[in-house]
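Take a look at the structures below.
Heads up, the next two complexes both have chain A, just with different partners, chain B and then chain C.
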Partner chain A sequence: MLDTLRFILNDALNLGFAYGLLALGIFISYRLLDFADLTAEGSFTLGGAFVAALIFNGANPFLATLLSIVVGFVAGIITGLLHTKLKIPSLLSGIITMTALFSINMILMGIGKTGKFDSAVYLGNSKTIYDYIGIFKQKYLNIIVVNFLVITLATMFCYWLFGTEFGMSLRATGMNQKMARAQGINTSFMIIIGLGISNALISLSGALTAQTNQSADCNMGVGTLVIGLASIIVGEAIFGKRSFLNWIISVALGSVLYYLIIGIAINLGLDSYLLKLLYAILIIIVLTAPFIKKGFMKLKRKES
Partner chain B sequence: MMLKIENITKEFNLTGAVEDRRIALDHVSLDIHDGDFVTIIGGNGSGKSTLMNIIAGAFPPDSGKVYIDGEDVTKLTEYKRAKYLGRVFQDPNMGTAPNMSIEENMELAYRRDQKKTLRWGFKKEHRKKFIESLTSLNLGLETRLSQKVGLLSGGQRQAVTLLMATFRKPKVLLLDEHTAALDPKTAKKVLELTDNIVREQKLTTIMITHNMRDALKYGNRLIMLHHGHIIFDVEGEDKNKLTPEDLLRKFDELENQDEEEVIQTEEVNENKCD
Partner chain C sequence: MKFIKKIVVCMLLLCCAFTFTACNKDDKIKIGILQSATHSALDAAREGFMKALEDAGYDDTKVTYDFENPEGNPANMQLMAKTLVRKCDIVLGIATDAAVALKVAAETEGTNIPVLFTAVTDAVDASLVESNEHPNGRVTGTSDINPVADQIALAKQLKQDLKKVGILYTISETNSKVQADMAIEEIEKEGLEYLERTVTGVTDIQQTLKKLISDGAEIIYIPTDNNLAKNMVSVCNIANESKIPVICGKENMVKAGGLITFGVNYTKLGEMVGAMAVQIIEGADPKDLPVGRLSQDECNLVINTSTVSILGIEIPSEIMEKATKVTTE
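And then the complex of A and B:
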């Protein structure tokens, strides 16, 4: 029993913190920019494939991890350009980049191998960033500490960024583009850079996940958008969003809660192939909850 | 000349079928002097909103030019032109960012003519100014700086938007039926506030309105648009002499003209059929 609990907690913490970056990224696109950005599915895998390919070929894992942020940023920028400059609808722009990334990720994972492309990279005994951090003897504890540090830094960065003139302008863009332009804000630029930052975080999330798993594969990003959304919603529901600082901390921690719930569900006998169905149902419940609440309150008012 | 509009034409549905084409502005020219307060009236489809949008740069004209304070801004995008313009919209939700605090909204407006840098967005000395100008509104908003704008009433929002539009003195203030969505009492309050601010800062102002009385009561010049043409333009004493009845009569005349035109074109069409 205690072992099971420890197992669930460990999973929730090391996956939760890594996916916290994903949640922050999706928070930026979905909540702040009001842009349902499907690039996430591709850029998560991109981060994983990129970092794994570089480490597989003997690169420094720290450098590889840093560079994964850059490639994610570029992926987001491409979606932003498709939407703002070529006027492609937002959902479609994300899907286009995601689709293109599928091929690019296969090419990345084929680097240094006999074929031109591959659908997975296994790192075997190659050293990842976690192998260089020796705070604890047990690797899984080091993973948790490193991921916690990264998510803390990312949360602080987001808090600072969205309090600056630029960040305020970006938030205004997501709420009311007409008003933003009337206040001299270049809304296209805000969307492009915002999506860049969002996907940079998501790519970093993928890079950390690949190193935790010692592998990357072309399907690792499937469902990330929904996982990110679920984490945001769970975090908001439990920890609240009274102030902006409170809000982003809730988002960053939401994924830990989310994996705690999933871990418990699996241990209670939920088949793991049903997970995606559970994600979908969870999202439907949470997204419709405000409407149900409103309708409920209306009914109450009528009665009184 | 603070605002010069030169031979502006705008047609909608240009690519559509001929009968769907709609000419919103037909070779319109207009000079507005520094400190003028112009009220614009006109029926639906007269082109008054199109004119406003072309001045603001929301979309480009088919032909013609717009000059603000001598500078040709025809090709300037909406956000770049914003440094010269203060704008208040008809919909009270349009002028502010609902999920941001009053302070944040005002900070954004304070930087309308500046680059958005990575400097921290809040400033203590700004806050003092915000409280000062909010106090002048007499709506009790000065103690609610951190409250979200979305929680304010329509009238309060329009008042805040008006402050935001005039905080940094704009070269031209554009008011697009900014009291049309408010109840009569609130509308009157917001209009009086508008008039005070415009007089105090001697702002060059264009106000679209549906209300004849307001169009006559405020401003020093009145323009009437019809089918994309300026058909009436009075200022000063001549404007003061006008009564709402005069304006209504003008509207009636125009409608009768339209009906005659319709009958004529129908006759022409019938003749063609024969």
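And then the complex of A and C:
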């Protein structure tokens, strides 16, 4: 029983921190920029495929992970350019980049193999960043520590960035584009760079996930948008968004909560076809928790 | 303070959730099965596995099964793999991604339990084993590599003056690509030409197939491709209309309207890995068990008679005699 609890917590931290980066990325595009960016599914796989392909061909994993941030940034910039310069609607420009990335990921995963393309890379015994960090004997603890460090850094970076004049302009662009433009903000530039940062984080998330799984697969990005959005909403509902710092930490921790929920659902030992129903119910409970709390408070006030 | 309160509440909720779970600790052998998605072939493999164990005397009184199916969701797959690896004495991964997830989970958790796999086409490429003869680790299982050579030979038997074989598969499926590459090798060996076309999903199947036919493919070969298997009815409607025979990778594709297959019997494949599980339970070391493959007589030759009459072609009598006959469902 206690063991199971510990394991669920372990898994939630392990996956939650890696997917927390994804949530942060999606938070920037959906919440701050108010841009429905579908590039995410492509750039998540891009990060994974890129890092796996480099490691598969003998590159240094740390360097590969850093570079994956850059390729994600580029992917985001492309979506931004499509939207702002070619005037393609936001949803569509995300879809275009995502579609293009599917092919690019295939080509990436084929590097160093016999064919021109491949749909998966398996790292086998190649060393990933987690193998170089030996703080603990157990590998899963190392993964948690590394991912925690990365997400802490990313959260701190975002907090700092969105407090600067540039970050404020970016948030202003998301809140009211016309007004922002009237204030002399170059909104196109803000959207392009904002999407770049968003997808850089998502790509990093994919890179870490691929290394944890020791494999990248062209389908690894399936459902990432849902995971990211659910994490943001769950995080906001439980940890609140009173200040910007509070908000951003809520988002970063949201995915830990999300995987806590899924972990519980899996460990309850239900038949697998019932799992999705259970996720839905658990998420409803989590999301309604704040309302229920408010209701209780009203009741209390009435009593007193 | 408020924050701490919230965490405490979360923890309490967790505890509540667990009071509902029954904790049964006994000396039954716990077998974990991770199947990557619901699919008739994969289901058949699972049933075969359980049947083989039961036949060897490991029934409900001696083993318990823990079955997980993430329905293709990669993140949940990792979570389920870890859960199984911790709880179980032996785990079985059905399909490549599930097998890899289990192997990686066992390594990260540092446990030493045997990991079995089935319905994996190329176990070496997926880094599951060092080589098919000497797995050299805690992982072994059975491979569903198709008798591609025999399937291509079928094409030649069906059409004596065959020149061009079309190959159709889904680009994102590694298993299909491996088989397509093997098929190309065989076709070239036979001195024939090939046309290789790939689809990316459901929406482009029709156009790709029509293009393939208009480019002059006389017979179409489709490997064990999950996406095309699901959409086999629409594939066969087009192909049969143009009187092009379709050679498929597996039986359920023939039942959906494909002409013929000489393919892996997934139930038998599952039974084979089940027998390996029995050996491991009785003390064998997985590293001594080579990766299993079905022999030719364990594969199924299946022909769809309704398709034969639609196509209006003559099937050689030796094929007709050997084949199991089915009709379009």
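Operating definition for what follows: the second predicted complex is superposed on the first by the 266 of 304 C-alpha atoms of A that agree within 3 Å, B and C clash if a C-alpha of one lies under 4 Å from a C-alpha of the other, contacts with A are read in each partner's own complex, and residues count from 1 in each chain.
Criterion: a residue touches a chain if its C-beta (ideal position, glycine included) is under 8 Å from a C-beta of that chain, and two chains touch if they have at least 3 such contacts.
This one's a predicted model, so the numbers in the text were calculated from it and none came from an experiment.
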- [ ] Overlay done on chain A, so just call it for chain B and chain C: clash or fit.
- [x] fit
- [ ] With the two complexes superposed on chain A, say which partner A:Met1 touches: chain B (first), chain C (second), both, or neither.
- [x] second
TODO: Pick one for A:Ile185: touches chain B only (first), chain C only (second), both, or neither.
DONE: first
- [ ] Scan A:Gly167 for contacts with chain B and chain C and give back first, second, both or neither.
- [x] first
TODO: Scan A:Met175 for contacts with chain B and chain C and give back first, second, both or neither.
DONE: first
- [ ] Using the touch definition from the top, say if A:Lys139 reaches chain B (first), chain C (second), both or neither.
- [x] second
- [ ] On the superposed three-chain arrangement, identify whether chain B or chain C touches more chain A residues.
- [x] C
Open item on the list: With both complexes overlaid on chain A, does A:Met98 touch chain B (first), chain C (second), both or neither?
Closed with: neither
TODO: Could you tell me how near the closest CA atoms of chain B and chain C get once both structures are overlaid on the shared chain, in Å?
DONE: 22
Open item on the list: Under the stated contact criterion, what part of chain B meets chain A in this complex?
Closed with: 56, 78-80, 82-83, 85, 87, 89, 93-100, 104-105, 107-109, 111-114, 116-122, 164
Task: Touching residues on chain A, where the partner in the complex is chain C - done: 1, 4-5, 7-8, 11, 15, 19, 102, 106, 115, 117-120, 122-125, 137-140, 143, 209, 212-215, 217-220, 222-223, 227, 238-239, 257, 259-260, 262-264, 266-269, 271-273, 276
Open item on the list: Touching residues of chain C toward chain A in the complex: what are they?
Closed with: 3, 6, 10, 14-15, 17-18, 20-23, 66-76, 78-80, 82-83, 86, 96-97, 100-101, 104, 107-110, 125-127, 171-174, 177, 181, 200
Open item on the list: Show me the residue ranges of chain A that touch chain B in the complex, using the header's touch definition.
Closed with: 161, 163-169, 171-172, 175-176, 178-187
